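After this come two complexes, each holding subunit A, first together with subunit B and then together with subunit C.
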Partner chain A sequence: MRLTLAWRWTELRMLLPLLLLVPLGFVVTHVAEAGVLEPGPLTLAFGYVALMLVAHAILVLSGHRGDQLLLPLVGTIGGAGLVILNRLAPDVEPTQAFGLQLDVAATQLAWFAVGLVAMLAVAIGLRDDGLLRHYKYTWAAVGIGLLVLTAFLGYEVNGARLWLDLGPIAIQPGEFIKIILVVFIAGYLADNRALLTGASLRIGPIRVPPLPYLLPMLALFGLVMLIAVRQNDLGQALLLFGIFLTMLFVATGRRSYVLIGLLLFVAGSFAAYKLFPHVAARVDIWIDPFADPTNKGFQPVRGLFALARGGLFGEGLGQGLPQSIPYVHTDFIFAAVAEELGLVGAFALLALFLAFVFRGLRIAMLARDEFSALLAVGLTASLALQTLIIVAGNLKLVPLTGITLPFVSYGGSSVLASFVMVGLLLNVSHRTARAVDREQGLKDR
Partner chain B sequence: MIATNVRRLAVYLLLAFVVVSGGLGWWQILDAPALNARAENPQVIAARRSAMRGTIFDAKGALLASSAVIDGVSRRTYTDAAFSHLIGYASLRFGTTGVERAYDDILTGRADPNPLRDLMNDILNRRPEPKDLTLTIDKRLQDFAAAQLGDAIGAVVAIDPRTGAILAMTSIPTFDATPISELPDPAGPAMARITGRPGNPLVDRARQGRYVPGSIMKVLTAAAALDAGAITAHTTFPDQPQQETDGFVVNGFTIREHDLRPVTPALWSLSPALQVSSNIFFAHVGLELGAQRFLEYAHRFGFCAGGSIGSGARALPVSASYVTAETDGDCGPFTDDVELASASFGQARVSVTPIQMALIAATIANDGVMPALHAVRDVRVHAADAAGGPSSAVLEESPSGDGSRVISVDAARVTRSAMVDAVEGELGRLYAGQGSVQLYGTGSDVHTAGKTGTAQRGEGQAPHSWFIGFAPAQGDAQPSIAVAVLIEGGGSGAGRAAPIGGAVMAEWLRLAGGG
Partner chain C sequence: MSGDLLRVLLLGLQLGFVAVLYLILFGFARSLLRDLRSAEAQQLASRVGIGRLSVLESPDDEPPAGTTIALGPINSLGRNVNNTIYVEDDFASANHAMLTFRGRSWFIEDQGSTNGTYVNGHRIDRPVALSFGDELMIGRVRMRLER
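On to the complex of A and B.
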């Protein structure tokens, strides 16, 4: 087999700053905490940058033509996350796996490696979209199977049954459900778009969706939501709902669908508030965390204090008190960034996410077929909404939920799922580029 | 088509990121100063851990509370358990209470009493300088009052009726505030030991305890009825002598008199009725005044709403007293005339704090003007050596807030004269017995006004023993101390509370006279 090299100079150029930034973050943290610089922790930093560069090299060697900004953006976001996790590591219980004891930063780095492998496999391995598109019902079945398995065999952490024990490691199947849901909805909408956008019932000025065509999708969606709510995973339910509405909007262009969906969501939320005590408790804490600042409101209140301490330029890495927030390395990692790097640093992180989102949407716009476009939109929307929901939760703009900040929060399943999504986006843009090449080739000939 | 929708989606997502950024700016910049100052903030807690805290002295400069920073930890110690409820504690573990809480920003130096200097310190980001406090209380009187109570569960409150300055305020059982304030780690077990003792030692009975007042309430009933013109000093109720023996039927319910022996019922006006503490007479007075006016005067005297010692942000809250059942934080209506008649002699649903009752005595003593209470006399520059007494540099004096006129001078004077008779009159002595007479036998020409209360509680429970009074009360003398004494389940007012009230007043006059 002949190697088809495709140089990716932009990607390489954009990755190079990481060589400076990530080790610098580690150095600053350790000088602030220990007062001395030890070479030990720097291996993690250089290990991380090396991983990114190897991933880049493999893309080059495989002749990948996908978007060149995705990897540097994800690499920078993940690098910032690793720096913060390394700073929090002394205050977070280390993990045990395969007889090793690793702190959260080292564990996260291992997951980054696994994630990058998965990303490359998806980005390079998928020759066409058939595997995804034509087996959408199979994927849906796999997804539901995973959810049911978790609901019955999973174990609870902090009141939510989200985890599946796989011997040495535990995974959160919920993180992968969203990918399956995006693939299924993209496939279904691409197949039935004409029907969905064309015929529609009108009741007065309101356009009602043609329900029969939406039914299979609604059924699956309803099932997923039901299980998510039953598992007490409200953030996940909100995220899945957001993905569904966004993809429906992009496929049909109907704002009314979104409006109806939002109304349903508001009604559903109100019903959940009245029916489920744990939902009501979460909402009450959200409305006034200071009503019980030492008990129920403890975590959000500590999060707000961290934001306030940060101010414009932040306390500096290793110099704040982010460890005063419970679950800071998962739920409140954004508040930790905002505390130690300040408003400036938090804005920079948000800007990186926004750039990633715009890049993802660009891939969708350039895509040559509807399935690919909807797939890219769904994946991008998933990461965007996930970011917005958890950041807004940290900022008390919406009730706090336990979902992760992609690439930043500690968590293997989250990191792995997020990288698979990047892989799919790379794959879509690669196939677009190839299709453009073929058209160019045909013209040239 | 899809591309257009994606472009729209991009705009919506951009807007969402903008909103989130706005939220970030709000917490990190706009609301940050408020958050950074909150007591629950771990940064504030950490700063507090090592921060110096101002000293608290009594009115004569005796040391009551002081801090020392040892090994980076600020340790607070207290010298006198008689002050534990008023001063409270400043614990790294349990937060602050009492004066420590009300004056926290001053004691820590986070705030300067002078608003202009406060602003300058804020702008220049100066290190906080702790400030010292001196109280209005003379430690000697406070200790004397606590010693008088001994092991009896109860409270003593003494007020200067002219200024509203607290002269003594102690609650028994009390506790040692030092172990819960000195170091954070042993504070937990220390607190558990305190809360494990009987009698809820942490409760400030003077401020937070609510009790049936019994006959001391008759002072308010009389003052209100006199001021409203419902009665005069000479008003009598012709049916009263017979009702003393037969009972007074109101709305079909018979109100019975307590045992008046050795006195024989007769046609009484206010003074003799107060001397023998006739329930029937005051039931008539209350009915004559009417439910609406009774509630109105109760409000004027400070009932039906929470009170305070000091004002504004540095006020120590005082629990509300009620004359009827509490309804939405206010006194509800009287259900019927039976309740009104019973409330007029301090039973039914009346519940009062010792401070509220001391305020009634002070108001009568001050010719009908109710003084505004305060317990902190001034704020001073922090004295480097606490043992050397307070600095002479006073930064702020507590305003001796203007009192509010509750009843006319005439009504106050008539009530006062009846209260003097109640402790010194022929019937009063006969009724109350020798115990109450002796306390005024200081050999001097100082006269005293007062009223005892024996507040009936439920079946099988000993009554609360009450006394309110003031001195000196002869002629046109300006009273300089008003007291309220409560002993939970202490039995007769004359037997327990009155002698303590008299002794505290006599001690104060001795201390004030002797310098």
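On to the complex of A and C.
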């Protein structure tokens, strides 16, 4: 095999500051907790940065021409997340797998390694979009299969049936269904876009998509509401529907489709609120968590206190009390960041996510074919909406739903799925860059 | 006394952590901005027109494989040299197909060719709306519609 090197200097330059950031975060935490001026154990911190640099090296060796800011952005977000997890590790129950007992930060690092391998496999391994595009119905079948498996064989944790037991490890299929949905919708819309934008039914003043396209939309909506109700997974339902509407709008440019979708969602949510007590309970807690601050409202109230303690500049790493929030390492990690790093730190984290979204949309804009563009839009929208929903939930702007903050929250399935999405984005931008190269080469000749 | 010193040092380290975070963020912002400027320039230079045909396969090399053809709103394809896109292939008809941009979509229509026009591997029998990324086959020449 011929090695085709492609130096990625921007990527390397943006990754190197992590060598300072992550260990420094570990040192601050250790000094604050131990009360003595010594660095403390830094294996995890350097291990994390080493992983990122190895991933960079493999991209260089494979001659990858994909976007150079994605990996450093994800690396910085994940690095900040690892610092927070390391700070929370003493207060969170360690995990046990394969006879080993690891704290949450170490487990997370292991998942980062798995995630990076998956990312590289997708980014380098996919030669063209055929595997994704032409087998879109197969992928849809796989997704529905996973959904059904989870609904009937999955087990519940905290009232939501999301987990599938696979021997030594358990996975959350919902995280992967998200990716499958994006692939399927991108394939479907790329093939039918011309017809979707063309004819339309007119009902009074509003234009409705023609029936063959309205039906899949309604079917998907039904499926989403089923997830919400059957699995009690409101966050996932909101996320999937948001992804679908975003992609539909991008593909057709029709505001009316989005409007109809939103109306459906509002009507569905209202019906769910009236019909199902667990949905109603969520909303009531959101409207007034202080009505029952020691029981039902305990988690959001603790979260709000943490945000208040953090203030503008934060309590300092290892000096706040984020461990007082239940599930702080998964659902409420943003509150932990805001408490220990303050508004300043939380803002930096959100800005990093914003930069990532910007980059994702840029990849979509430059893509040469419809499928790749829609794929990139869908993946970006998925990560963006996920961040938006969970951060807004932490801040009590929307009812809290149990989804993860990508790359930050503790959780294997979430980390793995997020990295696969980065891999797909890298793959799309790689193929775009290759196409541009070919044209340039022909022009020069 | 040493407790106070420790607290001051800790504060310094903490501020250092946030400062590094912001320096990294600043670096990203600069890269993004620079990229945005160059992308703007690139777009001005290259993005004129409504679409392009990228030639994937062409046994007789006319149009040459690997080239990209800029499209106008109405394009005729065929073996007759008076076509907008001249396809030199034994299996193409003189006036083979029309590729037109109407409203907001591309359409392809076969002009009664002997061997037919194929879209994504299916022979067409009426005008067909195309999306970017679709593959056309005229004779043995395979082309892809791109933005």
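Criterion: the second predicted complex is superposed on the first by the 429 of 445 C-alpha atoms of A that agree within 3 Å, B and C clash if a C-alpha of one lies under 4 Å from a C-alpha of the other, contacts with A are read in each partner's own complex, and residues count from 1 in each chain.
As a convention for this text, a contact is a pair of C-beta atoms (placed from the backbone, for glycine too) under 8 Å apart; a residue touches a chain by one contact, two chains touch by 3 or more.
Being a predicted model, the structure only gives us computed values, none of them experimental.
Asker: For A:E370, decide between first (touching subunit B), second (touching subunit C), both and neither.
Answerer: In the superposition, A:E370 touches subunit B and subunit C alike.
Asker: So, does A:T95 touch the first partner subunit B, the second partner subunit C, both, or neither?
Answerer: A:T95 sits against neither subunit B nor subunit C.
Asker: Thinking of the overlay built on chain A, is A:F358 touched by subunit B (first), by subunit C (second), by both, or by neither?
Answerer: both
Asker: When the two structures are overlaid on chain A, which partner does A:T43 contact: first (subunit B), second (subunit C), both, or neither?
Answerer: After superposing on A, A:T43 lies clear of both subunit B and subunit C.
Asker: Tell me the contact category for A:A80 with respect to subunit B and subunit C: first, second, both or neither.
Answerer: second
Asker: For A:S256, select first, second, both or neither according to whether it touches subunit B, subunit C, the two together, or no partner.
Answerer: A:S256 sits against neither subunit B nor subunit C.
Asker: Tell me the contact category for A:V31 with respect to subunit B and subunit C: first, second, both or neither.
Answerer: second
Asker: After lining up the shared chain so the two structures overlap, which partner does A:L312 touch, if you call subunit B first and subunit C second: first, second, both or neither?
Answerer: First partner only.
Asker: Just to be sure I follow: which residues of subunit A are touched by subunit B in one complex and then by subunit C in the other one?
Answerer: Touching subunit B in the first complex and subunit C in the second, residues 358, 370 of subunit A appear in both lists.
Asker: Please give the residue numbers of subunit A that touch subunit B in the complex, ascending.
Answerer: Residue positions touching the partner: 246, 249-251, 253, 290, 293-294, 301-302, 304-305, 307-312, 321, 324, 338, 342-343, 346-347, 350, 353-354, 357-358, 361, 364-365, 370, 373-374, 377, 381, 384, 388, 391-392, 395-397.
Asker: Which bits of subunit C are touching subunit A when the two form their complex?
Answerer: 6, 9-11, 13-14, 16-18, 20-25, 27-29, 31-32, 35, 39, 54, 66-68, 103-106, 129-133, 144, 146-147
Asker: Using the touch definition up top, name the residues of subunit B that touch subunit A in the complex.
Answerer: Interface residues on subunit B, with respect to subunit A: 1-7, 9-10, 13-14, 16-17, 19-21, 23-29, 31-33, 35-36, 38, 40-43, 46.
Asker: Residue numbers of subunit A touching subunit C in their complex, please.
Answerer: Interface residues on subunit A, with respect to subunit C: 10, 13-14, 17-18, 20-21, 24-25, 27-28, 31-32, 35-37, 69, 72-73, 76, 80, 83, 190-191, 193-195, 197-198, 313-314, 316-317, 319, 341, 344-345, 348, 351-352, 355, 358-359, 362, 366, 368-372, 435, 438-439, 442.
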